[in-house]
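What follows is a set of structures to go through.
The same chain A turns up in both complexes below, where it pairs with chain B and then with chain C.
== the complex of A and B ==
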């Protein structure tokens, strides 16, 4: 019954968007309650659908659109967990925003855009075909642009919005290229489609992957990966994400931490069979993910802006998820479950951390951690909820992050045994740094002495409430849901006509079998899609691999404490590394990315090329075009003179026209043209 | 007599009776203009409902000794005509309410009936009667406001129209002389090849008569002057409705009656289409009067639509092609369907655009001496009349063929059919022309949205707003959900091709 209302999951937020846009400013708080209620409605419907189809059904509704395209809704396990997560987290954030945005003159605009964002994101998730997904993908990008630049009078916000838009555009062009390539390949198969089947529908794509030439598959996979890299802020298109923190903190939490940036990961998960079949497809995913995870973590270590720390942490964690998917080359579809589990868990604790940071900023009125310190005395709720979030992010045992992140590290070890240890090493180092930068942030904000004179009060209950709810999930979700989640997600691709054994031959994969790596290493192609995940399999790794993540988490937190917690402080960070230390300088400068990307690449290479092109353009292209348009316009002016306004001339033209046609056609017939 | 036998034609009967009734009531009652307007609107809605009933009729219903046929094609055109005249009547409710308005509505209804008769006729005499009924009504409408400009516009339209009708009738009589029949089916069956040059002359006289209504170059010269000088809402009727009547007639006569001469008319339309769209677009670039711009734009659009004939001539009887929708469709059918879609789209966009000019003119005429349609009056329209400006913006984009609008869908289907039938050169010309047309469409948009307002904010009359918004919804709806319209047009196109 709930399934009949699936369209309302997008419909309700769209309604809220329209209402807020047109009548928002007549309503209290800019109509924010409408947006929150609409999202809550979507959550209720999603929960209803969950109760109906869990654990072994899917929903697929579709209607023709035009030509070869359709509009459809596909809710399978993958989409369902995303729907639940997004509606849940975004409902809480909208509720929080009712407090946070209170009094902002643009509140109505904020809630309208936020509602449109919610609708687009949900539409992206349950699209049943790639074209529809792309349309919502672009809408999400648009909303992100609008919301980053929400305070558009602030130059830095406007610049950040533009940067985000342009950078993700690079990815989107690649994504679109991938879609076009995929479409062309599908079309050239001359499939006999049944009624209700369309070329770009996911089930149809899954079923015919094996017929597409492998080289084409790799190209398509790289195109789609380009889109994912742009949207999920992976290296080298990550530069926009830290700047995106110029928007209101709720935007950062909603879009740039919990939901939108996960769209890239979701895309790779959704198209996992394609990446799996494409030779080197998953290798590229793993490489990008693992590198980004470490790279961003090092930058998180040195940032002073609390939101930037969290932004780098987001980039890094998204890298973990990408790497988790890439590791599918060794463990098969199990990787989807592992990566998605981290995605869901991450959105709980990252939303919590962002909202907590927002609560702090709301009170102390600065983003700079050097001006905070000792905030915990005045903001107990914020401090403890953020502690839970931080522990979860650092992967402290039995918190959500422990189950999700560390599972990725463990399967990365399997990948190492079979293929390559580099991702494992990168991820372990990144995990150490994660624990350190997280607690560097927590200690320096909440403990120690007040380093400046700031506002000393706790935030209102409408903001604390969502924090507490999120904290419950950041703590308990991993423990409570882990095994069910894996088995549910593992069943995702069983609903489709997709043969992973065949695909793994095309992709050239050697899988780790159900009972560990040894079997697969001897050459058996046992797909790991089936089977009990968790305890049995986990025991295949040596005990120290199991224990290592725990050591990493606790060690990292202690290390951070030694530097930043006044109770056990042993070292002063500025004395350990001198101000002129090149590594420290490099990290502070963010690997000189600004210098390289903006100074050298953008201003030097791109601008220089642009100058040359500009000269050619002005002198050659424009010159020719100007000449042409002058000629056309001159010609057009002469035509105008024919229109004399004298009706006799008009009738003459009519008669002449007939005569000319008679002559021309007769002649053409003579010479045999017609 | 069994009236239910004539059920498919009740719409025409209803509108004819209503037109007579409107004139009668109007002469009996004082100040009845508004009532007559509502009455006409209701009648048109009822007629539309009757047409909708037989919209996708699968087997043609033939009436009156094989002279009138009700089939998917005739119903397509009737739906277009009725929609246009409904929109015009709705907009007119804000303008024509006073004395004499009854005559205005009656003439509109008669014109509509005439166009509907043309859409259904499969006989040259019936067709001519319908043609003249529509023409005579619109001659009078063009002069309706009785300003000097009106009279000049109507006079030119009348003279040019009369000469064209004479040519057309001459062509018909030659055909009758050669074949001994005025029925299209009989003409098709007779062998026209035996009469030498006379066939070509007859063909071109007939084409000239239709091309006058379609406003193809060089039979277009009345159009800019008349569209500019006639009352704006009448121009909407002329550009959106009566122009399409020319296509309705040409489709039947050429594709059914004169299909044996297709190599001749293929060549004629290839030349006419290429010349018309190019000259129409070029001439539009230099105009400062918005209604003249729209007139030339509508000439250019007629050039695009004429591509449909060229495609049929080139691909008649050819094997089906696998079209963009993955289905096997004969390229000729696709070409006709594309032309029909563009006719539908253009009817909507042009009606909307002309109603927009009526709104602007109503803002200006009271205050100043200058030309009410001058483009300078459109400066800052977005702030002065936001709804009108926004609708105009969408119509301009649609006319230029930017997705997702009705204009895009029509052009897409039509141009791709040209490519499928090997007319790449024509498709290239058409696409270059579409790009060129942006020059003047964007010029209007830049005046509306980028210039400082030319005056204070004004109130937008209800009739105009309702008509504009309805048109806007239709234009965007067709663009976003084109499939059912494409199917409908393909079905209508099938009527013209041998099964």
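== the complex of A and C ==
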């Protein structure tokens, strides 16, 4: 019954968007309650659908659009968990935003854009074909642009919005290239499609992957990965994400932490069979993810802006998810469950951290952690909810992040045993840094002395409420959902006609099947029961691999404490690294990416190329056109003398013309031409 | 009865005189007169052929043509008067505002 209303999951937020846009400023708080209610409606429908189809059904509705395309709704386990997470987290964030945006003159615009964003994100999730997904993908990008530039009178916000739009555009072009390639390849297979089947529908793609040439598969996979890298802020297209913190904090929480940036990870998970089949497809995913995880974590260490710390942390955690998917080369579809688990868990605690940071900023009126300190005395609720979020992010035992992130590290070890240890090393280092920078932030904001004279009050209950709910999930979700989640996500591709063994041969993976080689390689016997290897396989690792994440988390937190917690402070950060320390400078400057990308690449390479193109354009393309028009004008200058204005000349010309005509026609008659 | 050839000869002589005048004269009134000459040469042709065939249509057309010529002369002289008021002359060499 709820399934019949699946279209309303997108429909309600769209309705809220229209209402807020046109009548928002007549309503209290810019009509924010409409957006929150619409999202809550979507959450209710999603929950209803969950109760109907869990654990072994999927919903697939579709209607024709163009000759070769359709619009459709596909809710399988993968889409369902995303729908639930997005509607849930976004409902809380919209509620919180009702307090946070209160009094902003653009509140109606904010809530309209936020509603549109919610609609497009949800549409992206349950699209049943790649084209539809791409359309919503672009809409999400647009909303991101609008919301980052929400305070568009601030030059830095306008610049950040532009940067985000252009950077993700690079990825989107690659994504579109991938879609076109995939479509061409699918079309050239000359499939006998049943009525209601279309070339770009996911089930159709899954079923016919094995027939596409492997080289083409790799190209397609790299194209799609490009899109995912752009949207999920992976290296080298991550530069927009930290700058995107110029938007309101709710935007950062909603778009740049919990939901939108996960679209890239979701895309890779959605197209997992394709990446699996493509030789080097998953290797590229793992490489990008593991590198980004460490790379962003190092930058998170030095940032002073509380939101930028969280932004780098987001980039880093997205890297973990990507790496988790890429590790699927060693463990098969199980990687989807592991990565998605981290995605969902991360969205809870990262939304919590961002909203908590927003609560702090709301009271303190600065983003700079150097001006905070001791905030915890005045904001108990914010402090303890953020502590839960930070512990979860750091991977402290029995918090959500512990179950999700550390599972990725553990299977990265398996990947290491089978293929390559680099991702494992990168991820472990990144996890250490994660614990350190998270608690550097928490200690320096909430403990110690007050470093400036800031506003000392707790935020209103409408903001604290969502924090508390999110804190409950950030703490308990991992423990509660762990085993069911893996098996449910594992069943995702069983609904489709996709043969992973065949695909793994095409992809040239070390494994013949999902489990055999794992056991052979680790030399231990893992129970290979289908559907529950998530928890089981983890036990196949040596004990120190199991224990390592816990040591990492606690060690990292203690290290941060030694530097930043006044109770156990042993070192002064400024003494360990002077202001001119090259490494510190490099991290603070974000590896000179701005200098490299803007100074060298944009102003040197791109501008230089543009100059050459400009010259060619002016001299050659415009040149011959200008020459032609100059010639025509010169010719006209001469020929217009004929218009002498002397009637007598006209008469003479007329008569002469007639005479000539008469002579010519009579001559033609003579020789028999006419 | 006057032979057809003489009629045609008269008409073409008149036409040529009119054309010559049109091509050489500068005075607007003279031009109007030349145009009338050419028009009437055509009328002579119409009447001559009408009598020669014999077919009354030609003479009817000549009547139309005369009426038309009268109207044309009215408009033409009205334009000339307007030009005179504007430029103080009807010498067409001096009236060249529409020229390049």
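What we mean here is this: the second predicted complex is superposed on the first by the 603 of 674 C-alpha atoms of A that agree within 3 Å, B and C clash if a C-alpha of one lies under 4 Å from a C-alpha of the other, contacts with A are read in each partner's own complex, and residues count from 1 in each chain.
Just so we're on the same page, a residue touches a chain if its C-beta (ideal position, glycine included) is under 8 Å from a C-beta of that chain, and two chains touch if they have at least 3 such contacts.
Given the structure is predicted, the values throughout are model-derived calculations rather than measurements.
Visitor: Is A:480 in contact with chain B, with chain C, with both, or with neither (first, second, both, neither)?
Guide: Neither partner.
Visitor: State whether A:651 touches chain B only (first), chain C only (second), both chains, or neither.
Guide: After superposing on A, A:651 lies in contact with both chain B and chain C.
Visitor: Determine, under the contact definition given at the top, whether A:215 touches first (chain B), second (chain C), both, or neither.
Guide: neither
Visitor: After lining up the shared chain so the two structures overlap, which partner does A:643 touch, if you call chain B first and chain C second: first, second, both or neither?
Guide: both
Visitor: Between chain B and chain C, whom does A:630 touch in the aligned arrangement: first, second, both, or neither?
Guide: The answer is neither, since A:630 touches no partner chain.
Visitor: Tell me which partner A:662 touches in the superposition: chain B (first), chain C (second), both or neither.
Guide: In the superposed model, A:662 contacts chain B only, not chain C.
Visitor: Pick one for A:66: touches chain B only (first), chain C only (second), both, or neither.
Guide: It touches chain B, and chain C stays clear.
Visitor: Does chain C touch more residues of chain A than chain B does, or is it the other way round?
Guide: Between chain B and chain C, the winner on chain A residue contacts is B.
Visitor: Which partner does A:562 contact after superposing on A: first (chain B), second (chain C), both, neither?
Guide: Once the two structures are laid over each other on A, A:562 reaches no partner at all.
Visitor: Both chain B and chain C touch chain A; at which residues?
Guide: Touching chain B in the first complex and chain C in the second, residues 640, 643, 645, 647, 651 of chain A appear in both lists.
Visitor: Show me the residue ranges of chain C that touch chain A in the complex, using the header's touch definition.
Guide: Within the complex, chain C contacts chain A at residues 19, 22-26, 31, 92-93, 96, 98-100.
Visitor: Spell out the part of chain A that touches chain C in their complex, as residue ranges.
Guide: 640-641, 643-648, 651-652, 655
Visitor: Which of the residues in chain A come into contact with chain B in the complex?
Guide: Against chain B, chain A makes touches at 64-68, 187, 193, 632-633, 635-637, 639-640, 642-643, 645, 647, 649-651, 653-654, 656-658, 661-662, 664-666, 668-669, 673-674.
Visitor: How about chain B: which of its residues touch chain A in the complex?
Guide: 155-156, 159-160, 163-164, 167, 197, 200-201, 204-205, 207-208, 212, 217-219, 221-222, 224-225, 263-264, 266-268, 271-272, 279, 282-283, 285-287, 324-326, 409, 436, 481-483, 486
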